[in-house]
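After this come two complexes, each holding chain A, first together with chain B and then together with chain C.
On to the complex of A and B.
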């Protein structure tokens, strides 16, 4: 638009002005925009502007075979793709009335937790970078890469591991994989002190993050916040405990919570969750060799696979919050309707708008990264 | 502008015997210091932090991220571009100073990739912008990204001999073609704040194909650029 065609907003007798953040801005997570009305450097009103990443996923899925959609689903959330394929497979299994073998379920748990570790490491880096601390960003990305190397080894894909199919997983684990996983967990635990000293107890970070973007428990529930952001407000809710799926009811882990609901609480919850994931992965390493059996049940020829009529709602706890798929089948070889309930649209749109009000301009990036929203999932 | 006008591109031959040495030296220097604006349009953005940080370390090639389009040399399009994003991408590209280079990462920028049947995405990026290097893959690994950047560097360095590193000139030479595709997608009232035709004249890159029915359409709706009035009011 040419500037002379642009109608500048006529404001009353105030010194409020409007600025745009994004979509191409270093303080914005991904391809996402935010419009701010400012008074000095205090935000009067923030308006989210999504839609830059819209691909029409739910429509595309109606046009593809059940098995083809497996390649499509991980693209919905890029930093944390593993829960997408697991929850889609779980939904299709529920319609079909089949169950994945126990060994496949344990492997899925391992994949989900590894993905959670990778996503949280990435978030630490992103959140630290918004406060001007770039060393944790380098560390987080480098440590995440070690997790991606393991993904590459056991699934064949670095980021998008199209590893699950309805009825199980596609490949057996390679030889000596659990040993390598164990070494990685040792390494990550040895980094705990470094991360604590440099980031989580560093006053440069703590003073910026404390009391920034405080969300009360009541508001969080009203806005539909889930996942680590909800647990940072003091509510102990985790789908892995409250509505166990796969084999999470056999695992021993805790739900970390914090009380204040600010950016600092949110990152602390993620930090504790990372170490809980390591605890879960240790149990998987211990238990997995003793579980024999197939890695998948027999399914019909995937190219002419008519899933029987029915509908299913499957949900898991991803690193961002509650992730659910509602799948409807009318007995054809393609889904009739797929709906994705992603956590990020609640976090990035309404919660961010709510928290931006009254915040200061320099904290917008931090609030956005502390909510750990994932823009491709908002738009889909 | 009328089509009958035979406009010849200005001759780029240099008469100074040392010109070739200077040109080579300048393009050598250009290839060693590139600032990259990464527009995170899609999934491919997730492989850029590993490529930029300590493990793969893009900076050893003389390539650094830059935050503003005005100071950037490379525009990195990382993944599928939806129609809403493509408008911003074109706006960003036109704001960049020449010489400028475009790299399309991921298969989606080549031919639509996974989203070939999507109603919301633009399929081929080089219909809207001149692309220097494509890096295919879904998504390409950081090694592939670095390989693509190396290739761009070589193209810039050997531009005088091979003529591969100057795709940006194509945007001025064939502006009507690119504008036509943009108008087809965004509607006939599509315009940007930059004046490409004036820039083409400035660089001496206007040809017959710079003008056409699409630029005529643009001139109909376009007004000359005027300085904008400040609308901020202060408290009395």
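On to the complex of A and C.
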């Protein structure tokens, strides 16, 4: 809502007052407002206010060719764009009844995991910054930049790679790329102690994060929470394991969980996931050279491509949770309907409102960032 | 191994249910609108489908219907069931499933805003994303973004001297202002289809030349 259209609430004799947080504030990776009703510094009620990043992607996609939409979808979530293009491609492939070649599937796994590493590094930094610790923020952004350098090298784009197409990936890996990736993984592992000392075991951070924004397992399931936020409540569930896609069923990795469901558990789950992603990437480095074959199947001319009538619901585990696309085709050269189910649409609205109740004003930013919500997924 | 009875067995008592096993872990269920809540209740209560992944709405304007798709997931069965139902496009009213699934709050509000389908019993049937929007729900197929833009905003041609000089030398903007998609000729055509057809013809010409 635009500020000039907002009518202040008259609260009569009560001690309660209203505060508008956002749309620009440290608690979130985009523009997203949160309206608070406070009594002292305790929150009585929080109301999410979205719409600042609405660009009408779903409508735009209905007016563009199947192949053109690949340039649109990554923009729905800036910190973690790779899963968007992969899940869109998977949905179209399912409707078409084609399958990406094995080599393309391995490359996609590499892209997804690299994106997850980048997104988690970004979240560590952001979460730390909401508690007043700015060094991890700079570290996180700087280390993420190294991952982006790799993205630039193998896809051509630092943030939005637009690397996938239905039926495979666009380009072969450049020479010596896997060696560079291996160096980066060595470097990230060598940073583990630094991050642990400065952030994950630092009492300044731990005391702020523990018991903040606690979510019980029951509430998490009721509110449709997914991804790391759900695993922080103790449920061992990961779409990569339980609804496997690409070649995840051939990979060896664990699902990290925590029991308390508070902000600290959530960041610990992300920390452990980062190292599981590194483990997966090591397996990719080992296996990818031995997998020969094409990187994409033959598809019709993309400029006059009529995808056959059908519908598909494809989902992947993004760094934020369950990301799904419902795609409907009526046999034309453009999608009839694309519905984007972003994980943040559950986390940033109902879950956030639920957690804010009874919390203190100074913790709001931290609760928001610990949920790792991405507002454009809500607005689309 | 399945801990619960199979979906076919659970849903066999409901009238007019079509069950399609699309592939591993994906089941499509087609059901009449008045049996939808029964199906979801059975799925949640007897087969542990506790997670509402999404509610999708599709506007089938030629059939005069909205299709509502409820995607539910079971953490125990590891299976996704998509329950499809169709409602009348003119009435555009349906019953909320908020009592069964709390995330329905978000999805139903989104559909109300984007398609104008009113969900009876949903807690927050109000504007959320498009608070300043007063037109028809924009995701409807009869809402044409292009003519809305044409009627709402004033377009000015951007053709400064320095750009003209560049263009004389063969550089500058590749598409001339009169050739861009919002040209007068396209705007005068009444339906989307006519415009699409015209654009396609232009495209073909472009490719050939």
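By definition in this document, the second predicted complex is superposed on the first by the 366 of 380 C-alpha atoms of A that agree within 3 Å, B and C clash if a C-alpha of one lies under 4 Å from a C-alpha of the other, contacts with A are read in each partner's own complex, and residues count from 1 in each chain.
By definition in this document, contacts are C-beta pairs under 8 Å (C-beta built on N, C-alpha and C of every residue); 3 or more make two chains touch, one makes a residue touch a chain.
Note that the structure is a prediction, hence the values are computed from the model and not measured.
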| said: Looking at the superposed three-chain arrangement on chain A, would you call chain B and chain C a clash or a fit? | reply: fit
| Counting only touches as set out at the top, which of chain B and chain C does A:63 meet: first, second, both, neither? | both
| request: For A:54, decide between first (touching chain B), second (touching chain C), both and neither. | output: both
| message | For A:237, using the defined touch cut-off, is the partner it touches chain B, chain C, both, or neither? Pick first, second, both or neither. | response | second
| field | From chain A, separation angle of chain B and chain C (C-alpha centres, steps of 10 degrees) | value | 80
| request: With the two complexes superposed on chain A, say which partner A:227 touches: chain B (first), chain C (second), both, or neither. | output: neither
| said: Taking the superposition on A as described, I'd like to know which of chain B and chain C A:313 touches: first, second, both or neither. | reply: second
| request: Using the touch definition from the top, say if A:336 reaches chain B (first), chain C (second), both or neither. | output: second
| task | Tell me which partner A:166 touches in the superposition: chain B (first), chain C (second), both or neither. | result | neither
| said: Quick check on the superposed pair: does A:322 touch chain B, chain C, both, or neither? Answer first, second, both or neither. | reply: second
| What is the minimum C-alpha distance, in Å, between chain B and chain C after the two complexes are superposed on chain A? | 5
| Which chain A residues are contacted by chain C in one complex and by chain B in the other? | 1-2, 5, 51, 54, 56, 59-60, 63
| request: Sort out for me which residues of chain A touch chain C in the complex. | output: 1-2, 5, 50-51, 54, 56, 58-60, 63, 221-224, 226, 235, 237, 242-243, 313, 315, 322, 324, 326, 328, 336-337, 339, 341, 345-346, 349-350, 378-379
| remark: chain A residues touching chain B in their complex are 1-6, 8-11, 13-15, 17, 23-26, 30-31, 51-56, 59-60, 63, 71-72, 75, 78-79, 122, 125, 137-138, 141-142, 144-145, 148, 158-160, 376
| task | Show which residues of chain B lie in contact with chain A when the two form their complex. | result | 37, 39-43, 45-47, 49-50, 53-55, 67, 69, 80, 82, 84-85, 88, 92, 114-115, 117-121, 138-139, 141, 191-193, 222-223, 225-226, 228-229, 231-236
| message | Touching residues of chain C toward chain A in the complex: what are they? | response | 25-26, 50-54, 56-59, 69, 71, 75, 78, 80, 82, 101-103, 105-106, 110, 114, 128-132, 138-139, 145
